[in-house]
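Starting off with a structure, shown below.
Residue numbering begins at 1 within each chain, and the chains themselves are lettered A, B, C and D in the order written.
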Amino acid sequence: MTAVVQLAAHPDDSLPEVAIVSFTGELDYTNAEQLRQDVLGVLTPEHRHLIVDLSELPFCDSTGLRILLALRSLIDDRGGTVALSGLQPRLNRIFKVTGLFQFFAVQPTVADAVELLRPQLPA
Amino acid sequence: MTAVVQLAAHPDDSLPEVAIVSFTGELDYTNAEQLRQDVLGVLTPEHRHLIVDLSELPFCDSTGLRILLALRSLIDDRGGTVALSGLQPRLNRIFKVTGLFQFFAVQPTVADAVELLRPQLPA
Amino acid sequence: MRVNHCGRWPITQDLAGLRRHIHHHAQRVGLTGQRLDDLLIAANEAAINVLEHGGGSGVLALWHDEAALTIDVTDTAGRLTGDDVRRELPGSDSPAPRGFGLWLMGRLCDEFAIHQEGGRSRVRLRMRLNPLER
Amino acid sequence: MRVNHCGRWPITQDLAGLRRHIHHHAQRVGLTGQRLDDLLIAANEAAINVLEHGGGSGVLALWHDEAALTIDVTDTAGRLTGDDVRRELPGSDSPAPRGFGLWLMGRLCDEFAIHQEGGRSRVRLRMRLNPLER
């Protein structure tokens, strides 16, 4: 199997409504379901927004896109936003060609994503 | 009809074996046959090579490609080379995607094309 | 999603004029650079096929919604079918002088579909309007 | 034109390994940058379809001549047919969670063809080897 995609959570105490996670590895059909469960495991009911740092994810196939869309739909139901940061060229290409950019807030870095969400957060 | 593509011949007395022409306009289904005849009209039996300056040709469709391939086949029979120069982005794109680059000597300018042919010319 | 009909033009020998219309409207909804060039090349191929193989007359319609710009080219021969969207590489051995048109439509556009109905064939060419590209 | 068979690999859960092979050979014959990425994305989609829909086992073969690099992905279900190369845009209204695989193969490769025979289906993906791109 393709090595498991490592999930890391990067909680920010000043932003309790925002889950910040990073994916490391290559995301494909063989490890996508595991990653989905791992992400659900770190999301709590307080998390209204999700930031996913993809800067260490050089590959993502259509199964991976499906996971991201499922997370987006879950966060959407909470009235929140899913922001993606650090897309490498191959991910940029697949997002662009599939038109999925329109469903996510795409930012260069996690810090940019936080700034983007800040106006939506309670003071 | 799309305006006729203007053909200009630029003979170089020091290079009697080389026909140098330029195309000006937009080359498509409606004017390609006329242009083909115009080029045949300026080619003489001495011309073993052909240089076509495309720097003033912002558009060329598959009919235009067909004309260029027909000229290439004629020059090929004479053991010569067809060089194209000055491709604008849209022409570059259609040549690249169709793989036709491999059948022509593509050069930035007419001067580069002349330099490319020089070793093949009688001293 | 709101549909915006930008125009319908008969396909005549004035292909340059037709390309001007397409360029104008595509640019207005945010298509630029290579993707605009790709659409222009593909739409012109569909139009010349109407003149050469498709009965000699037809219509090009251009419309868009938020997600995509669509060009529908309808001929009066009705001989093209869904099967003609097949995509094999022309001219990889020797320079094939023919068969680039349909191939280019599939290669250059985000959607390429053919619909045959009532004695007409309709080629549909579509490009996504990606917000990030605007 | 001389044909060069670079390799045949079974399609297993080790997709990362399969992608390494493709990357290595495609790069060696001059495919780089976005076109290499496009082939890699498309070939992976063909491979995961074998695992998910195509009977669970199959083979990926990679070969090239001077004109093009070809990847043939053969499954053991044999249910894909030539008609499956149709190219309609998935997910332009709402985010469609499915249906990107076949569409991506058609969108990203210079040739996308499916051949069904003897209880197997073979997806053929091809990229031109353009001398100027090397």
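FYI, a residue touches a chain if its C-beta (ideal position, glycine included) is under 8 Å from a C-beta of that chain, and two chains touch if they have at least 3 such contacts.
Just so we're on the same page, UniProt names per chain: A, B = Anti-sigma factor antagonist; C, D = Histidine kinase/HSP90-like ATPase domain-containing protein.
Here the structure is a predicted model, which means the values were calculated and not measured.
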* For B-D, find its twin among B-C, A-D or A-C: the pair where over half of the contact pairs carry the same residue numbers. => A-C
* **Of A-D and A-C, whichever chain pair has more C-beta contact pairs** => A-D
* Give, as an integer number of Å, the spacing between the C-alpha centres of chain D and chain A. => 27
* Asked: In whole angstrom, how far does the Cα centroid of chain C sit from the Cα centroid of chain D?
  -> 26
* Whole-Å gap separating chain A and chain B, where each centre is the average of the chain's CA atoms -> 51
* Mind checking the centre-to-centre distance between chain A and chain C? Centres are C-alpha means, answer in whole Å. => 36
* Considering chain C alone, which of its residues make contact with at least two other chains? -> 67, 89, 92, 107, 110, 128
* In chain A, what residues contact two or more other chains? -> 97, 99
* Chain contact graph, described as a line, ring, star, complete graph or other shape -> other
* Touch relationships between chains, expressed as pairs -> A-C, A-D, B-C, B-D, C-D
* Contact residues on chain A for chain D in the complex? -> 1-3, 26, 28-30, 59, 61-63, 65-66, 69-70, 72-73, 89-90, 93-94, 97-100, 103
* Residues of chain B touching chain D in their complex? -> 96-97, 99, 101-102, 106
* Structure fact -> So, in the complex, the side of chain C touching chain A is made of residues 67, 110, 128, 130-133
* Complex contact set, residues of chain C against chain D -> 1, 67-68, 82-83, 85-89, 92-93, 106-107, 110-113, 126, 128
* Note which residues of chain C are touching chain B in the complex, please. => 13-17, 19, 34, 37-38, 40-41, 44-45, 48, 51-52, 89-92, 95, 97-98, 100-101, 104, 107-108
